Every structure is written in structure tokens, then in C-alpha cells.
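Starting off with a structure, shown below.
As written, the chains take the letters A, B and C, and residue 1 is the first residue of each chain.
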Amino acid sequence: MTPILEARGLVQQYATGRSLFGKPPSMRAVDGVDLAVREGEILGIVGESGSGKSTLGRMLLGLETPFAGEVRWRGQPMPAPRTDMWRRLRAQMQLIFQDPLAALDRRMTIAAQIAEPLEIHGLMKGAEAAERVAELMARVGLRPDQADRYPHELSGGQRQRVVISRALAMRPKFLVCDEPVSALDVSIQAQVVNLLRDLQEQEGLTMVFISHDLKVVHNICNRVAVMYLGRVVEEGPSGEVFGDPRHPYTRALVSSIPKAGRGLTDRIILQGEPPNPAMRPPGCAFHPRCAIADAACAGEIPELSGHRGRLTACLKQRAIIPATAA
Amino acid sequence: MTDTTLPEGTGTSPVKAGMVRRLRTSMPLVIWCAVGWLAAMVLTAIFADLLRPHEITAMSLTQRMAPMGTPGYWLGTDDLGRDVLSRLIQSIRVSLVIAFGATIISAVFGTTLGFLAAQFRGWVENLVMALADFQAALPFMIMSLAVLAFFGTSMVLLVGLMGFYGWERYARIARGLAISASAQGYAGAVVQLGAKPSRVYLRHILPNVASTLIVSMTLTFPEIILMESGLSFLGLGVQPPQTSLGNMVGFGREYLTRAPWIMLAPSVVIVLTTLSISLLGDWLRDRLDPTIR
Amino acid sequence: MLNFILSRMARAVMTLVMVMSFAFIVMRLSGDPATILLGPDAPQDAIDAFRARWGLDDPLWKQYLAYIAQIFTFDFGISMRDQMPALDIVLERIPATLAITLPAMILKLGIGIPAGVYAALHRESIADRGVITLSIFGFTIPSFVLALVLVLIFSVQLGWLPSGGQDSWQHAILPIVTLSVGGIGIMARFSRSAMIEVLGQPYIRTAMAKGLSWRDVVWKHALPNASVPIVTLVGFMVGALIAGAAVVESIFSWPGVGRLIVSSVANRDLAVVQCLLLVIASSMVAANLLVDIAYGLLDPRLRSKRSAH
């Protein structure tokens, strides 16, 4: 099956300061990512804070131009941000933000905000648009009488429902959810996650789901990519990745998921400092914290490649290949 | 994040409600007086033609320097026997029209530049900020004097010049608020829905920053009145036969000992007007926008 | 820190270049510089000589560079009224202006800041209300009205102080008072709100929770932090002082720079106006640069960053 969205060699770097003379210092938030998203799947992206998940998500949507590499949507290159082509493409791909209050205009009623994409793309007007708004609100579980409310009059979960219904107004094909529930109360996180999953099934959406919550990712994602300091270190079907993690970093992550009846007894505690993209270690970025690293790991950056039927970026995995292949 | 940097519009947090109530109970008299005075001034400016008992240039040689309270000339007359009250009414109109016009020009100009800087970043932003630095570095009075020296004085030039007063403040505010709104806030969300910049700025950012801009307008308005009256006082602003508040005080200065009423009435009007706007502005600022001083 | 100072200096130079460009543009827009700098009655051969010397028939960018070069040789043209170099006329007036603006500045800071801080420390007291009310009056009364009222009271009615001229130290009193009143009001109000804001910060509460005396909290924590915004205002005050001097010197016939600019504008003595513009702008830029550096020294966030910024 051809992927609906494809990323090749994505790199993003940001200036970390200013300098009067010479080049300002910079830091790579995303450092060479290849990724394919297949139609109709939910791809999870996990990784520590600062590993570049949000940056990757924004580049996948074309909201930011990558420093290097390219994103292809249905085989076509992503148009430059803020061009007419790019604006038209927004009807097909949308972002769900982490903080719904910040994403909503506090001076507009929620009905007006849900109707906005319809107006922007000139699809519907008047009664027809009002009908569609009512339908969308019902769809995400908002009451009709909430149409004239302002964002601050709603609860966090309700606001996120508004953001979701606004994103769905144009019947997009592709959705990036960037930690869509982490700003919400734990008690309603599950509701919103279930809503997203139901919508994905009913509308046939393709979705990239960025989250810290490995359990949720395990539950709803078909595939998952694990990021460490701007690179994907492991990628595969989520059952396999969570059931049999290969990369030492993934293993540490997976061991931290509490499981019923087991506790956290065999949890792998990562040593060393948390990753800092401004001071990326040479070679494999994970080697200073890795239990199985040796001198070679500091000398070579491992590529994401197939080992024993799975994609990992670890020199130690390569070492195993001949053994199993033989 | 945006909660602290953007003015709250319809918000009714308990803290805010308490503050408004406190203002309502402790401030009303002063604020009502200020509003009343300003309303009177605006009405005077609008109906100046009807209210004026005499022509502003009509001289009465028999009634030169008549003191206050002279029948028919309740605020007295000046050295040429012109009615001070009539001239005062006309002056209020001229000064207010200049100040209103200039405030609006500078708010529109500054906000537009600030939005352009926020939208295009890069060299546009650098240019706007460098211009704002320049404007802030050179005392406005001195700049105006230099321009008036080179071009001579005229009403159009004066309004245009005053229209530059304070633009850099609007530009800074508008730019800052627009950038923070686009970076992670509601404006960024609307852009990502596919909206054109015109929609983002006019439908979303402008309504959200309006209250902050209005508060700045209440700061610049009295300053423009003072600036214009200062220039006119020095004889470099509004030129005779037209008259403005500062211009009247300037003429009255020569008769300070013999006919102090000539400068008294316009001085009082200037002070009360700027005072009223400042009080009202302070009150509005506390009410609308707790984030700026 | 070095980087910070360098970038501020670059900005200062940039601002000065903009002021020069502004003067150049205004001059070119308003007519022929030959007649502007030599006066309308200058003989034709003088005008021709001037045009040739300054290359007025060259392309604009060449003229602009020539103009900048001219300024760097301190050649600002000849005053058409006094037939003297404009710069000499301006420099001659500077001491008189300093004689009233420096004391006014000291009064602004010396009265305004303590009053504001006192009001902030005694919020809602009678003293606080008094400071607020007086400060509002202080900056809403235009200086020319205040000056005339002071003259009316102290010169005309009481006869205590002279109403104009520069013969004795008594002559300086009314100009200084007039110049400082508005600034005292602004300074007091601003210090008050800066101080109130600082006092509301969590670190003040922490310091109090540590058991420091109120005195130590105020002197060691609140005041140093409140001084950062206050210092920025001082930069603006310098500009306000010079602008105020234009009005005040004219009223009190004080022979300083301010009165010079008003009379040269009235006489359209453009060489002098242009020279004044550049001299005033340079002193403003220098003052703001000093303020910026002081700001950098005071602000712990900038101070602690050694080389990163």
C-alpha cells in the first residue's frame, strides 16, 4: 500500500541565541527522520520531552518548512507555508492542539469558531453551515445549548471537543494530534481519546498521535515510532514494539509502563542526564545512558534499518543479525 | 500562557469582579465628573457654530480687554476686543479635532506597522523596530519643531505631524500581542485552518487587542493635546486667524498682569480636559486590562 | 555582557544614522539646500559655489554620502541670521540649558522616586492617595500653564522672584521648578507601580518567609528589582527634559538651547535647526546607551549570562 504521507530525511534546526558576528548557535530539534504514514492508520509517536515530537508533527503538516528533507502528501511535495496552495491543503489536514484554551479565540462563540473553517474555505453559508455546526457538535458530544457559549465558559474537555469538531468541519483526511489530552483532567482523558478513536474509525481518518502516555498509544495506535533526541530509534507495529522492544531506549520506556499484577519491579531506570538537543552526544545519542553501549557506539550514528524483521537504530542490533540470519 | 499576556474580554473571574465592584463603589464620582466634562467638550466642539455668541475675529474697539463678567462678554475680551468665550469655543473645536484626528492616525498607522512586523518578521520587523527606536530616541517636540522649520506651518502638516505622535507604542504593543497570539495561540490555530492573513488580523487579533489599544489611545490623546497646545503656545502650531487652546494661552501671556482672564479660561480647559482623560484612562486600564501599567 | 553592550552600541549608531537620514530627507523634501542653508537672499554666485562644493547636481546617494561626511567634519553650515557657524551658536547655549536641566533632573529623581516608593510601601494610606493625586496633576498641567501661574504668583503678586532673564541664581528657580514638576509626578507614579509589582512577586514572599526583617526585604530584595524598570524611564526623561526646555526657556527668556530652537524655527534659520536636531539626538542616544548599559548591570538575568547572549 502506498503511504498517504511520506517524510524523507527531515531535519529542523533552531537558532538558540543571537550573535552579532558570525553564525548564531543552533540546535537540531529533529535530526534526520524518515517516516511513512499509511492511509487509515493511527501512527503513534512517543519519546521524552524535547525529543522533537511536536516539531516533527508540525513539519508533517507543512506548518513549518524543514531545514532539510521533504514531506510528500499523496506523492506531491508539500507547498510552502502560507501560500494559496498550502491554505487549500489545510482542508485535508488538521492539527489538534495540546492546550484547547489557547487554540480558541476567547471573543467568539464556539459555534462561530466551529463554522470558521467552512467560511474560510467558502464551503457553506447561513443555514447550511449552521446545520453542519449542529451536526458536528452532536458528533463530538457537545450540547446544542452550548453553541452560544464562549471558550472560558466550558470545561477543558468540552473545549477540546470544540477544537476537534472545528478540525473535522472540513472532513479532513489526515489529523495530527499533539498530546491532545495531556492538558486535561485524568478523569476525562479516556473519554476524549475514545472520541478520537471513534471518529477515526467512522470517518476513515489517517492519524498521527503524539503522546507521553504509552498505554494510550499502545491501545489506539496501529504503529508506533519512538524518538530520541530528534531521531527515530525504533519503529514498528505497536503490538510488536510494546510486546518485544528492541532498542535499549524503547525497553526502558516500555518497562516504565505499570502493568496490572506486576508493579514496576523490573523497571529499567535510565542513568545519566536527560537529553539536551543543544548538546547532542557524538555517535549514538543514547549511548551515555545506555546499559549495553560500548566504545563503537560513541563513534558511529546508527541508521534506522531492518534487523530481525523490525526497524531499529542500534549498533548492537546489527551485531545480532549474522547470528540470527545464519 | 496567553491568559496573562492578553486582555480578558468578557471574563468574570472572581478577582476581577471584585476589582470592578471596588472601582464602581470608590471611583464613580470622579469618573462621572470626568465623563461629564469630556461630553461637554465634545458637544461644544460639535455645536461650536451654534454656541458661539460672536464671530471669533469680530473686534469691538469699545470693549477692549473687558474683564470677566462684562454683559455680552462673560469671559471678557482680549486686546483687540474679541470675545474670549467665542474664541474659547472655537479653540476647543480646533484642539479636539486635531487631537482626535491625530490619535486615530497614529493608532491606525502604528497598529498596521506592528501587524506587518509580526506577519512578515525578518527585515520588515527590523525596519519597523528600528523606526520605533528612532522615534523614541528623538524627543517628539524637537522633531516636530524641525519639520515645521523646514516646511513652514500649516494645518494639514500639523495634523499629519501629530499623527505620528506615539505610533511606536501602538506598533510595539500590536507586534508583541500578534506574535504571542500567532506563536502558540488562537491566531496560529486560525492560520492552520487555512485563513488568509487579512482574516487572522482583522477578525481575530484586532478584536482581541482592541482594549489594550484603546487604553493606549487614552494615554496618547491628552499628550497630543499638550503637544499641540505647546507648539501653538510657542506660535509654531495653529496660526491666526484660526485659534486653538495653546494659541490663546500664548496670546494671553503678554497680558498676564493686565488681563489674566485671557489666558485663564483656555488654561483651565486644557487642564480639566487632559485630567479627565487621564482619570478615565486609568480607570479603563484597571477595568479592561490588568496586565499593563 | 560584552555582546550586549556591543549590540546596544550598534543600535545607538543605527539610530544616529536614522536621525541624520531624517534630517537629510526633510531638508531635500523642503527645497533646495543651497537656499536653505545660505538663506533666500544669498547672491547667485554664492549659491552656485555652494552647489558646486556640495555636489548638488550629483545623484542623490552621492549627495547623501557627502552629507554624512560633512557632518563627521562637524560642518553644519552657517547660520543665516548671525553669519556664524551653526555649531558654535549651539555649543555656546549648552551650559545655560544644563544649568536648569541638571537640577531639574536631580529633583525629579530625588523627590519622585522616594515619594513613589513611600507610597507603595504605605498603600491606601493618606500619603499614598496624596502622591497619586499630586502626580496626576503634575503631569496633566502643561508646563506653559504652570510657568505662567508661577510667574503670576511669585513674580507679579508676591514679587519674590524674577519672571525672566539670567542674571542671578534666583532667575533659575522658576524654570527649574516648572521643568521638574511634571517629571516628579511621572517618576513617583512609575516608581510606585514598579515597587508594588515587585512587592507582589513570589520571591519577596519567600524572603519574608525566611524571616528577614521587613527593612532587609525592602532594601535588599524589593528596591534592587524595582530599580530595573525605573532606570529605563530615566532614559525617556532626558528627552522630556530637552523638549520641556524648549517651552520653559522661551517663557523665562532663558538663553539656552531650547529657546534657540524655538527662535531658529520661527526665523527658519535652518542650518541651526539642523545642527540642534543632530546635537540633541546624539545626546539622547548617548543617554539611552548609558541607561541601557546600567540596565544590563542591574538586571541579574543579563548580568549572569556571560557569553551566551
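Heads up, the rule we're going with is that a contact is a pair of C-beta atoms (placed from the backbone, for glycine too) under 8 Å apart; a residue touches a chain by one contact, two chains touch by 3 or more.
By chain, UniProt protein names: A = ATP-binding cassette domain-containing protein; B, C = ABC transporter permease.
Treat the numbers as computed from the prediction; the structure is a model and nothing was measured.
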| item | value |
| --- | --- |
| Distance-maximising chain from chain C - centres being C-alpha averages | A |
| Most heavily contacting chain pair (counted by C-beta pairs in contact) | B-C |
| Chain whose Cα centroid lies nearest the overall Cα centroid | B |
| Whole-Å gap between the CA centroids of chain A and chain C | 54 |
| Centre-of-Cα separation between chain B and chain A, whole angstrom | 50 |
| Mean-CA-position distance for chain C and chain B (Å) | 22 |
| Chain B-touching residues of chain C, taken from the complex the two chains share | 11, 14-15, 18-19, 22-23, 26-27, 29-31, 36, 136-137, 139-145, 148-149, 151-152, 156, 190, 193, 197, 236, 239-240, 242-243, 246-247, 250-251, 261-262, 264-266, 268, 270, 273-274, 276-277, 280-281, 284-285, 288 |
| Contact footprint of chain A on chain B as seen in their complex | 1-3, 6, 8-11, 184-186, 188-197, 199, 204, 207-208 |
| Touching residues on chain B, where the partner in the complex is chain C | 130-131, 133-134, 136-143, 145-152, 222, 226, 229-230, 233-236, 246, 249-250, 253, 256-257, 260, 263, 267, 270-271, 274-275, 278-279, 282, 293 |
| Residues of chain A that touch chain B when the two form their complex | 61, 63, 82, 87-91, 94-95, 97, 99, 101-108, 116-117, 120-121, 150, 152, 163, 166 |
